[in-house]
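In this document, chain identifiers A, B, C and D correspond to the written order of the chains, with residue numbering beginning at 1 in each.
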C-alpha cells in the first residue's frame, strides 16, 4: 500500500463517519475521552488517589500519548494540514494534550486536561444528531443577532458594578469586609447577579440601603438579556417556519417538526 | 352476584368518577393520601415522634395495608390488568406502597412513601378541573416543542460547569474549600444558577475574577430557557386561539375564555 | 345646617377629590399615613425608642384615634354604609386601626399597623395618576389571564419541593441540618427559587448531586411564569393598541402614548 | 492668532472627532481616564499603597489638575458655555474632578472619583460605534415605553417588602437577627430578589413558612419586569424593521443588519 493510499484510508477512518471503520473509530474515541475525563475527576479526590497514585499517573500518560499519536496522524493524513490545525477541533485537539506536557514543569497543570471535554462535542457529528444541531443553530443565530445589544448591556453592567463597588467601599470600608475597590466590585457583581454568597455582606444601615437599591436594579435588568434574546428568538423561529415551503401548494409557515404540508398534506421532504 | 358483576361494579366505583359511589370513593382516597403524607411529615419531626412512636408506626401500616388492598383490587377488577400496571398511575400506585415493605429491611426507606403525593394528581380528574388540565396541556405542549432546544442548552451548561469547575479547582485548591473537581463542579452549578449558598466561596483575587465571570455568564444564559419557552408558548397560545372557529361566521382568533364569537355574538359552544 | 346637609358635605370632602377641600383632606390624610408608618418603623429600633418610649406611645394613639374618628365619619356619611365597609378600602381602613386596640391585649400586635401602608394606594386616585392606573390595569388583566396557568405551575413546584425535600431528608439527615421533612421542604424552596441562604447546605456528595439537579430544574422552570406572563402581556398590549380607533380614518394600532392618529394626523382624543 | 480663532481651533480639537488632532485628543483622554480609574482601584488596596503612598497622591493630583484644566478650557471655548455645563457630559466632567477637592476636607471622598468612569462613555462617539449607539437607542426606547409599568411594579414590590418585613419582625423578632423593621425590610428585599445572603435567615417554623411564601412570590414576580420589557422590545424591534424601506420596491421588514433589500436585492443604503 502506497503512502498516499494509506493517508487516504486513514483520513476516511479518522475524519469520516460514514464507513463502519470510521464510525467505530469515533465511538472508540468518545469512550476514551469520557474515560480520561472521569480519570481526571477521580484523580482530584484525595482519598481515592492516595493509594493508587502510580496507577493514575500511568493511565493519564497512556491517554495523553494515545491522543498525541492521534493528533499527529490527523495532521499527517489531512490534505490541508494547516487548515485542520487552525480549525476549532484542531485547536481543541492540541489543547487536550498540551497540559500533560506542561505539568512536567508546572505541577497541577494536568487538571487543564479537562478541555478534553470539548472534544466530546464531536458526538453530535458521529451520532447524526442533526436535528439537535439545527436547534443549536437557531439558538446560535439568535445570539448572533442579539450580540450587539448584549454587549451594550454588559458594558452598562460593568460600569454600574464599578460605581456601586466604589461607593460601597467608601460607605462600608475594610472593617466590614469591603477591603478594596476590586473586592467591592466583586461583591457588587455577586449582588446584582442575585447570586449572593453572603461571605461579604453590608453591615451599616446606609450600606444596606445602597445594597437593597443595587439588588432591585439587578433584579430588573435581568429582564434585559432575557428580553433581547426572547425577541430575537421569536423572530428566528418565525423565520424558520417561513423558510420551509411546500413544493405542491407553495405555502409556508410549517412547524419545525412537521413532515407534511398542513394545507395540502403532501410530504415536505420527499 | 357473580364474580364478573362484582368486578364490573368495583371497576365503576374505583376507576369511574361519574356515579355518586365512584365520586365518594375518590374523595375518600384523596383524604387518605393527604393524611398519610401529613403523617409522614410529622413522623420526621423528632420532638413529635419520641412520645407517640408506636401510634405512628401503626397508623403508617394501616395506610400501607389499605393502599395495598386497593392496589390489588384495582389489578383484579381491571379488564386489562397489565395495561393498568404499566400506566403512569399504576406505577405511582405501586411505588406508594413499596417503601413500607422495603423499610422492614432498610430503615428510613419509608420516607420514600412521599411519592404517594403523586397519587394526589388524581384530584384533577375527580374535581373535573378540566380547564386547568387544558392549561396544563398548553404548558406541556410548549415544553415538548422546546425540549430539543432545552436539551442542547443543558448540555452546554454542563460542559461549561465542568470546565469552570476544573479551572477553579486549579486556581483555588483544596485549601479554600474546592477539595475536588466534582465538588468544584457542584460549586459552579450553585454559582451559575445564581443560588449562591456561600458554603464554598472563592478567596483568591484570581478565583473571584473567574467567579464574577461565571456569574455574568449564568446571569445571561438564564435568558436562554426563558426565551425558548416564551417563544414556543406564544406560538402555542396563538395556535389555541386559532383552533376555535365560530360556527356562524367561521372566524377564528377567540380568547380561551370567550363563550361567544366576538364578531357575530353567536355562542361558540352550542 | 341639617344633619342631611352635613352628611352630604362631609361625603364630598372625605370621598371626593374634585373640590379644593376634598383634595386638601386627601393630601392631609396621605401625609398622616406616611408619618404614622415612619413612626412605626422608628418605634421598632431599640436605640431610638428607649429614651422616648412615652412620646412614641402617645403619638401612635393620636394617629389611631384620628383614623378611628375618620373611619366612623366615613361610615356615618356614606349613603350605603355596608357597601363602604365591605369594599377594599373599607376593610383596609378597619385593619389599619384594629391592631392598636388588639395590642392592649397582645403586646407587639401594634406592628401590624403597617397595613396602613395599603391606605397609601389612595394616592393614585388623589393625584389623578390615571395613566398609571391604566398601566396597572394592563398588568392586572395579564395576570388574570395567566392565573390558571400560574396555579398549575405552583402546584407542580410544591409537589416537586415536597418530593425533593423528602429525598434530601433521607439522604442528608438531621446530622447535616435537614432536621425534618418540613424543614427540608423549606430548604428545597430556598434552592429552586435560587435564593440560597446557605444556612442549610448539603454536605454529602449524593446530597450535593441531588441539590445540583434541583438547582438546574429551578433555573429552568423560572422560565415558565416568565413565559406565561410575557405571552399574555404581549397579547394584552396588542389588544390595547387595537382598542383605540381614529375617529377620522377609523384605523387602529396606535401606541398607548400616541395623541394623534399616525395615519391621518387627526387628534385621537378630541 | 486672535483669541476667537484660538477658541474655535480648541473647540474643534476638544469637542470634534473628525480631524486627526481631535481624534488624537479624544484617544489621549480615554487613556488618561482609564489610567486614573486603575490608579484609584490600586490605591484602595492596602498592601499596594503602604509603600508608595506619596507617589499615589501625586499621580492622583496630576490627573485631577489635568482634568480641571480640560474642564476650564471646555467652558472657555464653548460657544454656549451654559449649555455645555448643564449637559450630561458637562455634569459628569465636573463630578469627576470635584471629589479630589472635597477630599481635602473629608478624607476618603476621593474614591468618588470613580464617576470618572462615566466619561469613558465618550468612547462610543470617538470610535464611531454608531451601530452600538443605535442598538443602545432601541434598548433605551423600549425602557422608556416600559417605564410607567415598571414604576407601578416597583411601588408594589416596595409595599410588599414593607408589609412582609413588618410581619417577619413580629414573628422572628430581634433574637433571630430581625432587629428592627427597616432591617427586616432589607432582609425581605434580599429574599424576594432571590439574592439570599444568609446573614439573616428565619429560625422559627412560622418564619420559614412566611419566608418560603415570600420567595415564591419573588420568584414569580421576577416575570413581571421581564415580561414588560420583552413585550415592549419585541414591538420596538418590529417597528425598527418596518422603518427601513427599500427605495426600489418600497417593501419594508428588513433586518437591522441587512444591507440589501431581501425582495429585489437593491442596496438599502445607496
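Just so we're on the same page, a contact is a pair of C-beta atoms (placed from the backbone, for glycine too) under 8 Å apart; a residue touches a chain by one contact, two chains touch by 3 or more.
Just so we're clear, the structure is a prediction, and the values are computed from it rather than from any experiment.
Undergrad: Any idea what the CA-fit rotation angle from chain C to chain D is, to the nearest 5 degrees?
TA: It is a rotation of 90 degrees, to the nearest 5.
Undergrad: Between chain A and chain B, two touching copies, which fits better, same or different residues at the interface, with half of the numbers shared as the threshold?
TA: Under half shared, hence different.
Undergrad: Kindly point out which of B-D, C-D or A-C repeats the A-D interface, defined as over half of the contact pairs being the same residue numbers.
TA: When the contact pairs of A-D are compared with those in B-D, C-D or A-C, C-D matches.
Undergrad: Just give me the whole-number Å value for how far the CA centre of chain B lies from that of chain C.
TA: From the centre of chain B to the centre of chain C is 30 Å.
Undergrad: Please report how many Å separate the Cα centroid of chain B from that of chain D, as a whole number.
TA: The answer is 42 Å.
Undergrad: Note the residues in chain D that touch 2 or more other chains, in rising order.
TA: Counting only residues that touch two or more other chains, chain D contributes 182, 194-198, 222, 226, 228, 230, 232, 234.
Undergrad: Over in the complex, which chain B residues touch chain A? Could you list them?
TA: Interface residues on the chain B side: 145, 148-149, 151-153, 159, 162-163, 166-167, 169-170, 174, 179-182, 184, 191, 194-198, 201, 205, 208-209, 211-212, 215-216, 218-220, 222-224, 226-228, 230-232, 234-235.
Undergrad: With touch defined as at the start, can you tell me which chain A residues reach chain B in the complex?
TA: Where chain A meets chain B, its residues are 37, 40-41, 44-46, 108-109, 111-112, 114-115, 117-118, 120-121, 131-132, 135-136, 138-139, 142, 150, 154, 157, 182-183, 185-186, 189-190, 193-199, 222, 225-226, 228-230, 232-234, 237, 255, 257.
Undergrad: Please give the residue numbers of chain A that touch chain C in the complex, ascending.
TA: 194-198, 226, 230
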